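Chain lettering (A, B and C) follows the sequence in which the chains are written, and residue indices restart at 1 in each chain.
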Amino acid sequence: MKSKKLIIRTLELLFIALWVFPLAWMLITSLKLEEEVITKTFTFWPQNPSLANYIKAFTSTYIVNWMGNSFIVSLFAMLLTLAVDAPIAYAFAKIPFKGRNVLFWLVMGGMMVPFQVLIVPLYLQFNSYGLVNTLAAAYLPRIALPIGIFILKQFYEGIPSDLEEAAFIDGANRARIFFKIIVPLGQSAMATVIILSFINAWNDFLWPLIVINDTIKYTITVGIANFQGTHGTQYSLIMAGATVASIPQILFYIFFRKKIIAGIATSGMKG
Amino acid sequence: MKKRLVLVALVALLASSVLFAQAAAEQKKEGPIEITFWSLFTGGDGEFFDAMVDEFNASQSEIVMKNDMVKFDNYYTKLTTALAAKTAPDVVVVHQGNLLNYVPSGSLLALDSYVSPSMLADFQKAPLDACRFDGKLFSLPFDVHPIVMYYNKDLMAKAGVTKVPQTAQEFIDASLKVKQATGKWGMAIDNTTGVYKAYTLARLFMSMVAQQGGSLLTADAKAPNFNNAYGEKSLKWLQDLVHQYKVNPGELDYDAAMNTFKLGDAAFYFNGVWATGTLEQTAGLNFGAAPLPAIMGGEAAWAGSHTLAIPVQKNQDPKRVEAAITFIDWMTSHGEMWAKAGHIPTRKSVADKSEMKALPYRADYAAAAAFALPTPRTAAWEEIYGTLSDKLEYAVTKNQNPKAALADLEQTVKNIIASY
Amino acid sequence: MIPGNKDTRDGIAFSLPFLVVYIAFMIYPLLSGLYVSFFKWDILSSASFIGLDNYKVLFTDEKFYSSLWHTLQFVLMTTPSLLLVGFLMALAITGKSPLKGLMENVFFFPYIFSMTVVSTLWAWIMQKDWGVLNQVLMMLDKSPVSWLTNENYAMWSVALTTLWWTAGFNMVLFGAGIKQIPKEIYESASIDGATYWQEVRHITIPLVSSTTVLCLILQIIASFNVFGQVYVMTGGGPHGTTRVLVQYIYETGFKYYKMGYSAAMSYILFLIIMLVSVLQYALLGRKENT
């Protein structure tokens, strides 16, 4: 019995190590000089730990602006997603209106669309609004998030109908019920949607690349992609850029860890 | 209540962010003309290019050039969408080989009436002619960048190779000597896809077919022309280096090939001239550069060319076009600065400048511009080029029978051309 | 059920904000795409109507088939492994291990990183000559492996990266499902002398089946749309053996300027994903009800 436990603990530790190592390696590489990265004699730890790559990333690129832009884009995407997803999820969960099922599947179908097909029509559309090369263009197409609706609907269905009925008898209308009952009760599911849309928008690559022109207005994912060039990939510089680019997400995760996991979990529960 | 406030605040913010963007755009009317530019130069190229733009801006006070950079792989995607919406910047870079994707649709401005005869006369004829379509000039060549050879002098000395190899057989002999004496690779020709496709294979293949008097496509660029003895001999050589003589590593991608040469692990390396800038910054690398040797007998080398073009705008402002031409004139006539990145300048006046003559290596391969191969004139080029690279990669990796490989490739290229 | 029956009015009112956005940024461009798929269009010149020709060409295009096959390979490599690993991780974090808190965080953590960061990082780890993975292999006296440049390994390498990146998400979903199972069921089972794996097989797996369906559908959709990881890590190589359909769609449209053809392929992919999803839902959903 004891030995079995020991094996399991060892296995668990091994997996933890496997999952942590790549990120550690990113950090370690970023502290090396390029000569030490592409070299004939491999060394694990940096022989002359140096912040040169970070200094280069900060001084010779707009990395601070890029992070700011990504933050604005993700923030708006997340807030607007919530604003449009929550009401319709409530309608899907609790209002038995005509055509509800058809509409629901139409919305879910959106998840299956390969984004590439939308690029050119979207670009021409945004151009006609005069929105090309604005941050608004980067987040607007990201706010219709079908998976968010799915998660919220799943959660709202679990809220007992008695609560609603009681409120109706007290003379409340649906808007009031939504804001007074559904929204407060659904906070954990909303947290999930917030996180998913934040991550989604933060990680978006192709669309912001195409719709934003000024280097200074790039989002971080687009910006650091430019570190790769025809002169051979500078791995340690890229790793430094990647590390910096990930800091906000890491902080976000550390602060909202509990909510994130609890939130995603709700969508895994039975409705 | 709180939620509603948040919503209102959000909408207000959204609206204001749009308004600000517009206000910012309108503010720019005062003072010097600001024109915009998209470049695809990253890494070392990008640094030299940015320095040039800075110097241009400092050299006069009428025009301010604003330069934005896009990574090479995605550059054309972005350019095309912007051209479709007529929102492209005032000046753009287009590779000479890609011009045909933009000229027929009228996306680029014909420059004949804007460029002075004296400026035109200063351009070298071949790269300038490559920018003409139906007699009209659609861009001006900024550089020519042929594929050249780099060789490691230390490795050659160690192996007792006294003469830089020229022919197919000499390369094999020298490489075997290097391998025997030092245990290093003779050649480092990249032959698999990494960050980039195995374009080097396509470039060498195209060059070697032409060196025997053939051409990749027929003169009208309507049919493949490589499924013959010329093609076979070229492909066979590329395969034998890897499989028969084992002097070139297999499964070698672009980055790895460059690093292999940088570390002194290979004696001979082929890449575009843009590698010079990086190689000369590599500590401890004692190398030489030369035009692509006449491996198959004749002189010919694949070459690309960055050209500067002016997109057609919804309301073309003649003042901005004029400013754009001034910029292009300045950039091309300061080609010695661009040559630092390795590229060969296109203005006759640049070649005589003392700064140009002071640069090492460049003079060694400047002659290559004379036998640079123009890109075949077909809108299908991009797809042919990519497919050629993929299929040659397959043929070299698998040591496929050259006859079978070329027959298959010929059929594929025919289909591609027919689909445009 | 609710008095003052204004269901239709309310239903529309609550759906409206989303629908406006959805129609503007999804339905409209999607229909434009459909329209374009009947044209030969290079984005810049005026389009010429060619009817169903793009769809006809597609069925004879060798590259379309090979790209679809590579996508399918990726789906087959990642879907089962991601479900399995996610489930095993969920078992670990809902069990009695003192490490469960740590594991929950560590396994989920990669999910928050962007595709670009994850792919570049793993491309570096798996780099043939200087990557740490081969360095470790060489220390163990094994010969180095061309993880990304050999056709036998390249797709697996991308799949492995995806596993590391997203398994944690499935873990959280499964974990929630497992936590919902009443403790009494397990207690009575262990009184009957059931072993741990018997419990997992006869209690846990059947009772998380709705989570499994959810994970499966999400996973399949994500895997069919794979592009970024492949593009960054292998560029579709070696010699096109990892070129997935979305990459081909992207290249055809934006590199080769065949927008109409690109749109037609997108629609076929869309149809395939929809068909697979509906089939799954029908098959697995029914099984669950019986």
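Throughout what follows, contacts are C-beta pairs under 8 Å (C-beta built on N, C-alpha and C of every residue); 3 or more make two chains touch, one makes a residue touch a chain.
The model shown is predicted, which means the values in this text are computed figures rather than measured ones.
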A-B or B-C, whichever has more C-beta pairs in contact: A-B
Of all other chains, the one whose Cα centre sits farthest from chain C: B
Chain centre separation in whole Å, for chain C relative to chain A (CA means): 15
Separation of mean Cα positions, chain C and chain B [Å, integer]: 36
Residues within chain B bordering two or more other chains: 77, 81, 84, 195-196, 259
Residues within chain C bordering two or more other chains: 43, 127, 130
Shared-contact residues (touching 2 or more other chains) in chain A: 38-39, 80, 83, 119-120, 225, 228
Contact set on chain C toward chain A in their complex: 1-4, 6-8, 10-15, 17-19, 21-22, 24-26, 28-30, 32-33, 36, 43, 92, 97, 99, 102-117, 120-122, 124-125, 127, 130, 132, 135, 164, 169, 172-177, 179-180, 210-211, 214-215, 218, 221, 224-225, 227-228, 246, 249-250, 253, 259, 262-263, 266-267, 269-270, 273-274, 277
In the complex, chain A residues that touch chain B: 35, 38-40, 76, 79-80, 83, 119-120, 123-124, 127, 130-136, 179, 183, 206, 209-210, 213-215, 225-234
Sites on chain B touched by chain A in the complex: 3-4, 6-7, 10, 13-14, 17-18, 21-22, 36, 38, 42-46, 66, 68-72, 74, 77-78, 81-82, 84-85, 87, 89, 195-196, 255, 258-259, 262-263, 265, 272, 274-275, 277-278, 283
Residues on chain B engaged by chain C in the complex (per definition of touch): 76-77, 80-81, 83-84, 101-102, 104-105, 107, 192-198, 251-253, 256, 259-260, 379-380, 382-383, 386, 390-391, 393-394, 397, 419
Residues on chain C engaged by chain B in the complex (per definition of touch): 42-45, 57, 127-130, 146, 148-150, 234-240, 251, 254-258
